[in-house]
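There are two complexes below, and they share chain A, which is joined by chain B in the first and by chain C in the second.
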Partner chain A sequence: MAVTSAPRVEVAHAPPRSRGVGDRGFRYAMIAPAVVVILLIGLFPLVYTLIVSAQNITMMEEDTSFHGLMHYRALLADTRFWQAVLHTLLFLVIALPAQLVLGLLLALLFLERMPGKQVFVALLVLPVVTSPIIAGALWRLLFDNRFGPINQILSWLVGGEVTILWTVNPGFVYPAILIAEIWQWTPFMFLLLLAALASVDQSLTEAAKLDGAGFWTTFFRVTLPIIKPVVWIALLIRGLDLFRLFDVVWGLTQGGPGTMTETVSIYAYVLAFKQFETSYAAALAVVIIVLLSAAVMWALRRVEIAR
Partner chain B sequence: MLLRRRDFHALAMGASATALLSRRALAASAAATAVEAAKQYSGEEITIVWEAGLQSLDPLNFSGPKWKEATGISVKVIEVATAEMFTKILQEHRAGSGAYDALNVIPAWMPDLVRAGALEPLDPFVDKYGYREELQEIAPVYRDNQMTVGGTIYGFPDDGDVFVLYYRTDVLGDPAIQAAFKAAKGYDLPVPPTTWEQFYDVASVITETTGGKPFGAGQFREAPYMQFMFQERFRNEGGRFFDPQTMKATVNGPAGLKTFQGWLAENKVMPKGVETWGFVENLAAFLQGDTAMTVSWPPYGRWAAGYGTDEAALAWVPRSQIAGKVGYAMPPGGHPQLAAGFSLCVSSSSKKKEAAYLFIQWLNSQEVSLQRVQLPFALRDPFRDSHFASEEYRNRWPEAPQYLAALQAGAVNGLLDLSLIQTDRYEEALRQGISKLWAGGDPQGILDEIAAQWDSITERIGVDKQRAAYEEWASKPNAYPA
Partner chain C sequence: MMRADRGLGLALRYLAAVLVTAFFLFPIYWLLAISFKTPDEIFAYPPVWVPGSLQLSNYQVLFKDGDYVTVVNSLVVAGISTVLAMTLGTMCAYSIARFRTGGDDFALWIISNRMIPPIVIVFPVFLLYVRLGWVDTYVGLIVLYTAFSLPYVIWMMRGYIQDVPLELEESALVDGCSRWQVFTRIVLPVARGGLFATAVFTFVFAWNDFVFALVLTRNAVTTFPVQVTHYFGGQSNFWAKIAAMSALGTVPIFIVVATLQRFIVRGISLGAVKG
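After this line comes the complex of A and B, so read on.
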């Protein structure tokens, strides 16, 4: 039996195995163009940036000889770069929690049935669909001392002339940028969190209430753990966006006064496209990519959403 | 006299007729030569980079259509914001796409663009098409300083940008204000003020006397504009940018400090929030009669007189409340900044260099440029001796002769923009410093920071290379006051 059955099994399985190899090959052939495109789009610029960062290309010189880590060493000693990192982190640590809390509160508010809910939601989403550079220009007009309404409204409220130079006075430039940034991106948080809250099984929250839990206890002990993965994803997306913060700041202050509000993205833009320090800007880009990749991997592992 | 739509059409027809007059009559004209030669390229299209906004209305609405009518060559205008023009031109050159044929270039950038190989030498074309004689009729300050790099022609000066002092003749001539001034300052009110100390005195007395209706002066204060103002005032106060031996920056000396302190003092007698004013805010304040003096580019003078402001393109310009009440003079110090300006160039990566050249020769020629500098919306300012002397222009509004005289004086006494290797990096340090000044920083500390940044930039570029560039620039007659 064993002698006779063995070949039969082999015969029986041979065709599927060869089909499997063929299928696999076919599958690889089908995805190969997409993989090549992705590599070209994603990997090639990265490798090219890495190569350029080891050269010395400036506005006047196309020196493509190998210069090793020259620009990386210069970057470590570049106080303007570290200040830009600091400014970026400052925006991040203030704007991110503010957007989360405000977005969550709005989502909780809009979770309940209310008349005209869809209209309000549509209005709330408007800032998100506005181009950030337009939002920056818009807020610059709103904050303008001569033509803008904000100082005018404040003057009415305090009953005297208010002249706040929002884009000049060091005490007001950060609040001005943060107001614009939070105005624009809180609705994004709101939408994600509203969707997450709407998907929470109501029987769980009702059971908690029946057991005597109050609103906040139910929220923190039942609802929040359920929507936690969405919250982390929202924080990750917005955190990465805030690290790339450019448009609103450019529209409002162009990084000024001096370099007081200059972010990493603005500094990279100035280096690459104003000063044409191509290789130095490439080194900066590589450092930022490494830092951000490390941060993202840490965050994904921490919250276990990579699985 | 206001320029109305029918006047505009007359202008357009005039330029067209000039270009299309009999061959015999125009045998020696650079415009006619360009038109005749360009006909071989009929049916082609050339591109030209032009400053976005009002400036571009010249090739879009006037010169582009006229050129097509005369030669059959279409002109595609690529509008680029001023702040991005240098970047775009250099990027295109690096890419070698040939996307740009002709260029508008701020003269201070020309050395950088020439070193990068982005501009085509024009001497062979100039000789071939007999343009050298007409080039000599461009006002000397522009011709001698904004046309060549290292003795080779790379661009045609095409815009007589210069700062002018505008002042309200009715306010400064008011006997009550003059009496108050004499009582407060102990000397007669100077009309116009010729030093910055006098400017401050006049502005402060007007503001005090009128209670700010109008304020004695207003000024754009945004850093991109103010870096030009710094360059002007710093040199009028006796400042030099560098030690020519060591190439160490000397902007932090007494002249720099006097400039910064003067600005801070003046802000106190100007409207609140003046630190945020740009070109438009300052223009609006002056045209609405809110300020009695200001320094700015030439279009202010035309619009203050109401010239052409009924054109749709100028609908955003506030209607002038001060027409007939404006005087024109050199800014205090007597040596105004030839701030920015434009030269017409040909891109070295163009595949239609000859056609592009012929277009810019035609634009820049005596006949066509005279029509273009009278377009009220296009921001091109007189730059040829014949423009200043033009009877047609002098009759545009009652005070036009004084206006043209002020521009002509500027073309004699004007100071060149600093032009080195990577000038914009030095200007950026200035811009940042000025914005810190408005934010309440210590003037001397800021100037020391600027000087340190300039030294660092010079070292990065190479002291010897930059010294050579500075020596070439500083040797020009209008680099520093004589």
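After this line comes the complex of A and C, so read on.
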């Protein structure tokens, strides 16, 4: 209480901003340190990557003269890049709807009163807070062809020995990664949707039921429109995460066999840190930033996230 | 009749709930089980479903070989970066929440930084760190994690500070408190629940990160997720270490998050769902 001598004045209902110049300095002093640090990831990478992408730096030579759009042209003709885009989209279009639908079904299951519900919900949180790379490692152990439990369970079901090489066999790597991904993030959808469903006014759904609407009719006509904003936000967050998918794939297959499960993020990593194609990787990074920034700004305005 | 139906319905839902929860917990159970198994049990065919005893030699090996240091590294890096990000971020959030500093576009710009793929950020940062000599140092990792955590902290704390009743602040101002005193003596104590929850999630995100640490560490400040991937190789006899190290890095997070039930939905949905 160093400064208590200021006179008491009746300004209780005046908005805080009316305090004038002193506040003006204060509000910018408060944001300045954070903004400076954020620029390290928000501005510096874009500018620096743009510059490097126009040069020709590799492990062998440090050629800093400018070559214009050379690397961007090469990227457009790079089939491995387009395949990485395709793989990423494939993960996205399968995992995202699967997580949404499964999460929704789970939320409906746990919506009504049930003894011990809190315990179930608390346990279902755990996959979400597990490190994604650990989740990948975990499923690698589970999918092991010989010492893992999954082939064991399958062999009980089919009544004969099952020895699927989940992380190597081209026919099974996608299901393996998708199962791990869906395992980890379905509870995320579940938690968000459960919170949204619980906040829906019961009298609305009761009214629909009195009018003779069945469970699913009520759900699609009454409940879903109400929780739609939350559905969009959940899809946005998960969609962006899936677009940069790296950890789970790295833990299970490292993009293999060959480059079969290589995502855009993994290809960027390989280019930059395994093949040391610095400038070429920079061009790829710029393309990702531009595409994503456009998508993010569009989506953020659309979903009105937490205004 | 009605009552019997209802009882049956509840029983079925209960059964479904148990099965679903078992499915989602089984992988975690399997991890813990392996971490307690002897080598013979780990490499038994068909697999052993329950370890014979809770023997701790897999964990002891981590300490004997010095691998546990990577968990300490994670603790240092995630801990310090969380404190820094919370300090700078909460100040910034207060300014945005109370004065609408920068307007909506500024707030959107801040959260959009959170959505850039880590690999795209870390690549130029790596080139910069090579020049600065910051690769494989605490400073390098802490600075990057602080920067990457800030948008999340600002966004979340903005929401929690908006929940603080304006009247409290105004009466404090009338009583002669400075803006800074209002911030530290009124706003922070009232928003302490959100402050704590945001700090925990910020810590968890940094703790769980893999891509930044993979690129920016060699061996001096390797974090535990990177260490786990080092065990994968042609030889599979590191299974015990994979499991024990993963458990060591994961179970504490489970315990901390369990104390936060009320804040979880808001924390993982970027504040969009109040839960």
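The rule is simple: the second predicted complex is superposed on the first by the 254 of 307 C-alpha atoms of A that agree within 3 Å, B and C clash if a C-alpha of one lies under 4 Å from a C-alpha of the other, contacts with A are read in each partner's own complex, and residues count from 1 in each chain.
Definition applied: a contact is a pair of C-beta atoms (placed from the backbone, for glycine too) under 8 Å apart; a residue touches a chain by one contact, two chains touch by 3 or more.
All values derive from a computational prediction rather than experimental measurement.
Engineer: Once the shared chain is lined up, is A:A196 touching chain B (first), chain C (second), both, or neither of them?
Structural biologist: second
Engineer: Once the shared chain is lined up, is A:F26 touching chain B (first), chain C (second), both, or neither of them?
Structural biologist: second
Engineer: Answer with first, second, both or neither: which of chain B and chain C does A:R146 touch in the superposed model?
Structural biologist: In the superposition, A:R146 contacts both chain B and chain C.
Engineer: Output check: A:A294 vs chain B and chain C. Expected answer is one of first, second, both, neither. What do you get?
Structural biologist: In the superposed model, A:A294 contacts neither chain B nor chain C.
Engineer: For A:F273 in the superposed arrangement: first (chain B), second (chain C), both or neither?
Structural biologist: A:F273: touches chain B and chain C.
Engineer: Name the contact category of A:A34: first (chain B only), second (chain C only), both, or neither.
Structural biologist: Touch status of A:A34: second partner only.
Engineer: If you stack the two complexes on chain A, which partner ends up touching A:T163: first (chain B), second (chain C), both, or neither?
Structural biologist: The first partner, chain B, only.
Engineer: Looking at the overlay, what does A:T130 touch: chain B (first), chain C (second), both, or neither?
Structural biologist: second
Engineer: Examine A:T259 and indicate which partner it touches, taking first as chain B and second as chain C; both and neither are also allowed.
Structural biologist: Only chain B is touched by A:T259; chain C is not.
Engineer: Spot which of chain B and chain C makes contact with more residues of chain A, would you?
Structural biologist: Counting contacted residues of chain A, the larger count belongs to C.
Engineer: Where on chain A do the contacts from chain B and from chain C line up?
Structural biologist: In chain A, positions 144, 146-147, 273 sit in both the chain B and chain C interfaces.
Engineer: Would you mind writing out the residues of chain B in touch with chain A in their complex?
Structural biologist: 87, 90-91, 112, 115-116, 223, 271-273, 275-277, 281, 284-285, 421-422, 424-425, 428, 432-433, 435-436, 438-441, 461
Engineer: Taking the touch rule as given, give the residues of chain C at its contact with chain A in the complex, in rising order.
Structural biologist: Chain C residues touching chain A: 10, 13-14, 16-17, 20-21, 24-25, 27-28, 30-31, 34, 42-47, 49, 88-89, 91-92, 94-96, 98-99, 101-102, 104, 108-113, 115-121, 123-128, 143-144, 146-148, 150-151, 154-155, 159, 166-167, 169-171, 173-181, 204, 207-211, 214-215, 225, 228-229, 232, 236, 239, 242-243, 246, 249-250, 253-254, 257-258, 261, 264-265, 268-275.
Engineer: Where on chain A is chain C touching in the complex?
Structural biologist: Within the complex, chain A touches chain C at residues 3-6, 8-13, 16-17, 19, 22-23, 26-28, 30-31, 33-35, 37-38, 40-42, 44-45, 48-49, 52, 106, 109-110, 112, 114, 118, 120-135, 137-142, 144, 146-149, 152, 183, 186-188, 191-192, 194-196, 229-230, 233-234, 237, 240, 243-244, 246-247, 250-251, 264-265, 268-269, 272-273, 278, 281-282, 285, 288-289, 292-293, 296-297, 300-301, 303, 305-307.
Engineer: Can you list the residues on chain A that touch chain B in the complex?
Structural biologist: 59-60, 144-147, 161, 163, 165, 167-170, 256-260, 270, 273-276
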